[in-house]
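My structure is below; once you've seen it, I'll send some questions.
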Amino acid sequence: MVIVMKPSAPKEEIRKIHDKMIELGCQVHPSEGDNYYLLGLVGDTSKFNQSQILANPHVDRVIRVTHPFKLAGRLFHPEDTVIDIGGHKIGGNNKPCIMAGPCSVESEEQLLTIARAVKSSGAQLLRGGAYKPRTSPYSFQGLGEEGLKLLLKAKEETGMPIVTEVMDTETFGTVEKYADVLQIGARNMQNFPLLKRAGRSNKVILLKRGLSATIEEFLMSAEYIMSEGNSKVILCERGIRTFETYTRNTLDISAIPVIQELSHLPIIVDPSHATGKWSTVEPLSKASIAIGAHGLIIEVHHEPECALSDGAQSLKPAKFEKLMNSINKIISINA
Amino acid sequence: MVIVMKPSAPKEEIRKIHDKMIELGCQVHPSEGDNYYLLGLVGDTSKFNQSQILANPHVDRVIRVTHPFKLAGRLFHPEDTVIDIGGHKIGGNNKPCIMAGPCSVESEEQLLTIARAVKSSGAQLLRGGAYKPRTSPYSFQGLGEEGLKLLLKAKEETGMPIVTEVMDTETFGTVEKYADVLQIGARNMQNFPLLKRAGRSNKVILLKRGLSATIEEFLMSAEYIMSEGNSKVILCERGIRTFETYTRNTLDISAIPVIQELSHLPIIVDPSHATGKWSTVEPLSKASIAIGAHGLIIEVHHEPECALSDGAQSLKPAKFEKLMNSINKIISINA
Amino acid sequence: MVIVMKPSAPKEEIRKIHDKMIELGCQVHPSEGDNYYLLGLVGDTSKFNQSQILANPHVDRVIRVTHPFKLAGRLFHPEDTVIDIGGHKIGGNNKPCIMAGPCSVESEEQLLTIARAVKSSGAQLLRGGAYKPRTSPYSFQGLGEEGLKLLLKAKEETGMPIVTEVMDTETFGTVEKYADVLQIGARNMQNFPLLKRAGRSNKVILLKRGLSATIEEFLMSAEYIMSEGNSKVILCERGIRTFETYTRNTLDISAIPVIQELSHLPIIVDPSHATGKWSTVEPLSKASIAIGAHGLIIEVHHEPECALSDGAQSLKPAKFEKLMNSINKIISINA
Amino acid sequence: MVIVMKPSAPKEEIRKIHDKMIELGCQVHPSEGDNYYLLGLVGDTSKFNQSQILANPHVDRVIRVTHPFKLAGRLFHPEDTVIDIGGHKIGGNNKPCIMAGPCSVESEEQLLTIARAVKSSGAQLLRGGAYKPRTSPYSFQGLGEEGLKLLLKAKEETGMPIVTEVMDTETFGTVEKYADVLQIGARNMQNFPLLKRAGRSNKVILLKRGLSATIEEFLMSAEYIMSEGNSKVILCERGIRTFETYTRNTLDISAIPVIQELSHLPIIVDPSHATGKWSTVEPLSKASIAIGAHGLIIEVHHEPECALSDGAQSLKPAKFEKLMNSINKIISINA
């Protein structure tokens, strides 16, 4: 940690901070320039309260040198994490893992039709929402536990492990009973009680990046889960909010290689939510696989014009089949 | 609602959508230009699923004409909502209501010292956090119910109603027992189970705008609360996330007059979180009062260098007193 | 164009606007709902001044239905534009065109060393800056015409056509004499006098997207150039400004398929400026080729630690060679 | 300047950088922690090329400690700059200076009608555009020199000094002949040749913040002008581009106190462009004056429904008069 004093800071104020830091157990390496004064702190500053130091009116800035995430970071865990989901491996050099299915579970027939289709095109995991976060209270809110039961039925028939969203601590236990992978949605990325509950689960957690979360905040949310004991965390980039409105969000594809530098956790891409337009899902999927994402999660619906949610970004099964062919070619040259 | 067809849409596809809309109970007014075809829909389209219509590959865009919020909007509720909090009125033409206190409740002595100070400077409500949402799992997470008890003690001594944050549905009942105003934080603005629970409370809810929430999404979150029966909602602008990093967030001050046009609910400003810097709190408070905000919520700490959270943006009591003098002058000319 | 009236608009005001529009030569198709009134305009509204209509206090919104770009759009020009640069074809189904070279031309030796290297790895065009836009007046501003002469020398030796930036109308004629492709930088995307000058040139123009330009504004800047008579415009996505600061900008990779839907012009990617980090240049290049970009423009330097500009994002020749191998594999499966 | 090495950096690489920095004339103060190594540099690092240092793969980050602007910053120029414009003083503790007039000069009658109106309401300077930057090549582009002549006529009649935009170096000399204050628009904030030309002028320059410019970049553009010898620079905050689309831009009102801390230059606000809506111009003006802006620049038109540009954000003279009354009350309590 480096403390930068204001040019106007009196010597005695600098001395006070200097002494305080030594008292807190640091070594202090000062550098004095013509117009600035720096204190380089060596020692365990991870518990230091940056905001307290900044409250001193003579302090200009406090710069953290090391990353605040320890468990999610590569520094103490250089090897890639590989997670097993019912026999499918995700992370490291494993073949990208494809999760596909409808936005919402709507009925047994709908779910089974789609599950069979995506399985036959090569998807490994089945996604489907039973509890749905919706911007409007007047929109379809999901089938709840009934939806979970249908997912289980689809799993029994197809053998595909289930990915489904969990929205709060109250229904966590219920979702945990049915699902193989519990998804925490973008709007809940900093729902800290939910993150802590996920940390006490032994299921795999799929954590989506918040619409306006920095990469550092994203990794800190993974850290929350891991700090409670669950290290089976898959990260998911799904588009961030920017000024561009032609697409619903902006896929931050650079985040894939950046997160792979910073963290050992698997990182996948959700190309469906990234733009909200079905016509860009295949191109974005190809780009994501080419850049090295560990997997994709894709919305598929056999009748998007009748889907109870996200019809606009859902692929029909034939288009999903075409997408799988495209990415398989890229996977083959990466191998 | 207006449906814009793609220039390439075949006549028969247009006819199909036309018939489908009539079947759904709308009148349809078509406009045909040289290079486009519009369908103007008249009737109750509020339950229409825009995403289903967009799933049709011949549809270019769907434009919603009326706002999706009904209870929070001015259209059916033109009069300003005024909310009474222990005798203090907020909203409409009432004098701005000032809420002040520490970021976190830390101890009895700390809380009472600050509560007395802000009361004597003219604050009406006491703020203080017992449950704290923190970006890092390693930061101070608040005193929990112990903090709520201290807030109650401070209320008994000073007579100030309490504003405090509630983070999840599990602790909602506990917070409800102690607090007069329950704050839903920016990171929980789209925590829909929490919003629904707040809608079943009879306490006042202070809803903060999310870091990347549009004004429409902000009002839809108020709509969630109101749709469950609780219409005592106070909105709070607290800065949005932009590319500018010199300040922690960017206060969207234009949102005040815009929200006052769109909604009848009271809207206040949090100048402390808006920038994260104590030196800008007074200037932003003056601007907020001048523009017509219904109140302010401000972090005050007698020893910000020792505060367990947000020291950098907390005002010392003497600076808060100066701020109150400044805004009182502006209030006097507005009156 | 659709005019949405405010719910409170008096009948006579609606009538006035209605008549005004007919007077301006439109047909007007009104749709009246319970709480709104729409006027659908049919006819040539491209010269209509939206801002004048919005100045009427009874008008809520004006929605443009057709895109404002005519020459750059696909509607009247459905076929892909293919541009020939000294025998290299760019656009349509042609093999992606790779432009590479140093950020700045620094010396004959530097330029020739790099030019030979990138040519031998398979680059088709040589990039290099002689006039440099720099955030600080104290940074190296480029060699000027001297730099252009060195570029010409490199072209003579290697046969590679030259891409170089032009910063103002005053030096346009000079740059035009030497260069094959004139680049207009992101900060000049809405320098309208410069765009008009480019429109009167018969050289190819490489137009970079502004840091905060929407896709529509980007295409309107191409429209400026084309409206003066020059239709040889190549678009370049180079990252937009968002809240994320870990990377210098955020590559908006979705813009590639979106622009290919909206426009017939070739669109390439600049992965070097997108993040400002050399380690992400190869991954982003692979993603860009996989998604279908018509080309890449990449900064290469044999001694980035000594580069007078942009060393941090420059690749060494060996890394560029590796990148070319990676993208050639992807090109081969696309073919 | 502080250089942060990667945790994996070998000792000999650190040593090389250490020696290189000493060779460049710095003192180097190293701090070694368990997982990091810092080099604190003391001496004149203003000419150091950060990008070259970052090109070293063992360097993690380079942190600049002092601000890169010298002439525009407060460090070496602690006193507020006050600029005289035809007897009207702007900056420091002077009464805020109000500039008003039409977006575009359209005709003699239009300009004189508006000029008389704004003067009688108390505006000090007359604004009006003769050269107009327009997003579309098909929009009205301004009257050019003819417009400047009309401005001069209005000045002769009303005595009001003129503020008008200059768009390029070619017409700079012409605009300079007529105007008292030359405005550089948001889209030209990083048009470096134009900034340099402005720096060689002896007229006052009004520099608008770019839509996506950070405060530091904004001050660096002022630095460009000042580094060529012209220190008469007025800064203007006019809204930045964010995700919020309800308003055209987001006024960054916090930038006013922040810039007043960092720089000695006057800073004014343009409330008309900030949102693009006339109904928010008065509220934003009050907020801007309350927060301490040194002035305002406001668009006024007697017939906004017929304005050739920006009708939607123009105030009618009666509304401008009301605005002046509102802000005069706030000015009186500030005094």
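As written, the chains take the letters A, B, C and D, and residue 1 is the first residue of each chain.
Assume contacts are C-beta pairs under 8 Å (C-beta built on N, C-alpha and C of every residue); 3 or more make two chains touch, one makes a residue touch a chain.
Small disclaimer: the values here were computed from a predicted structure and weren't measured.
Set side by side, the interfaces B-D and A-D show unequal numbers of C-beta pairs in contact, with more at B-D.
Using CA-based centroids throughout, the chain positioned farthest away from chain B is C. Centre-to-centre spacing of chain A and chain B amounts to 26 Å, using the average Cα coordinate of each chain.
Each chain gets one centre point, the mean of its Cα atoms, and the points for chain A and chain D are 38 Å apart. Rounded to whole angstrom units, the spacing between the C-alpha centres of chain B and chain D is 31. Residue positions of chain A touching 2 or more other chains, listed in rising order: 212, 241-243, 245, 279. By the touch rule above, chain C contacts chain B in their complex via residues 2, 4, 7, 27, 29-33, 35-36, 38, 40-43, 63, 65-66, 75, 212, 241-243, 245.
Within the complex, the chain B residues that touch chain A are 46-47, 49-57, 68, 133-139, 167-170, 187-188, 190-194, 196, 210-212, 217, 220, 223-224, 227-228, 241, 278-279, 301, 304-314.
Within the complex formed with chain A, the chain C residues making contact are 212, 214-216, 240, 242-247, 250-258, 261, 274-275, 279-280, 283-284, 286-292, 329-330, 332-333.
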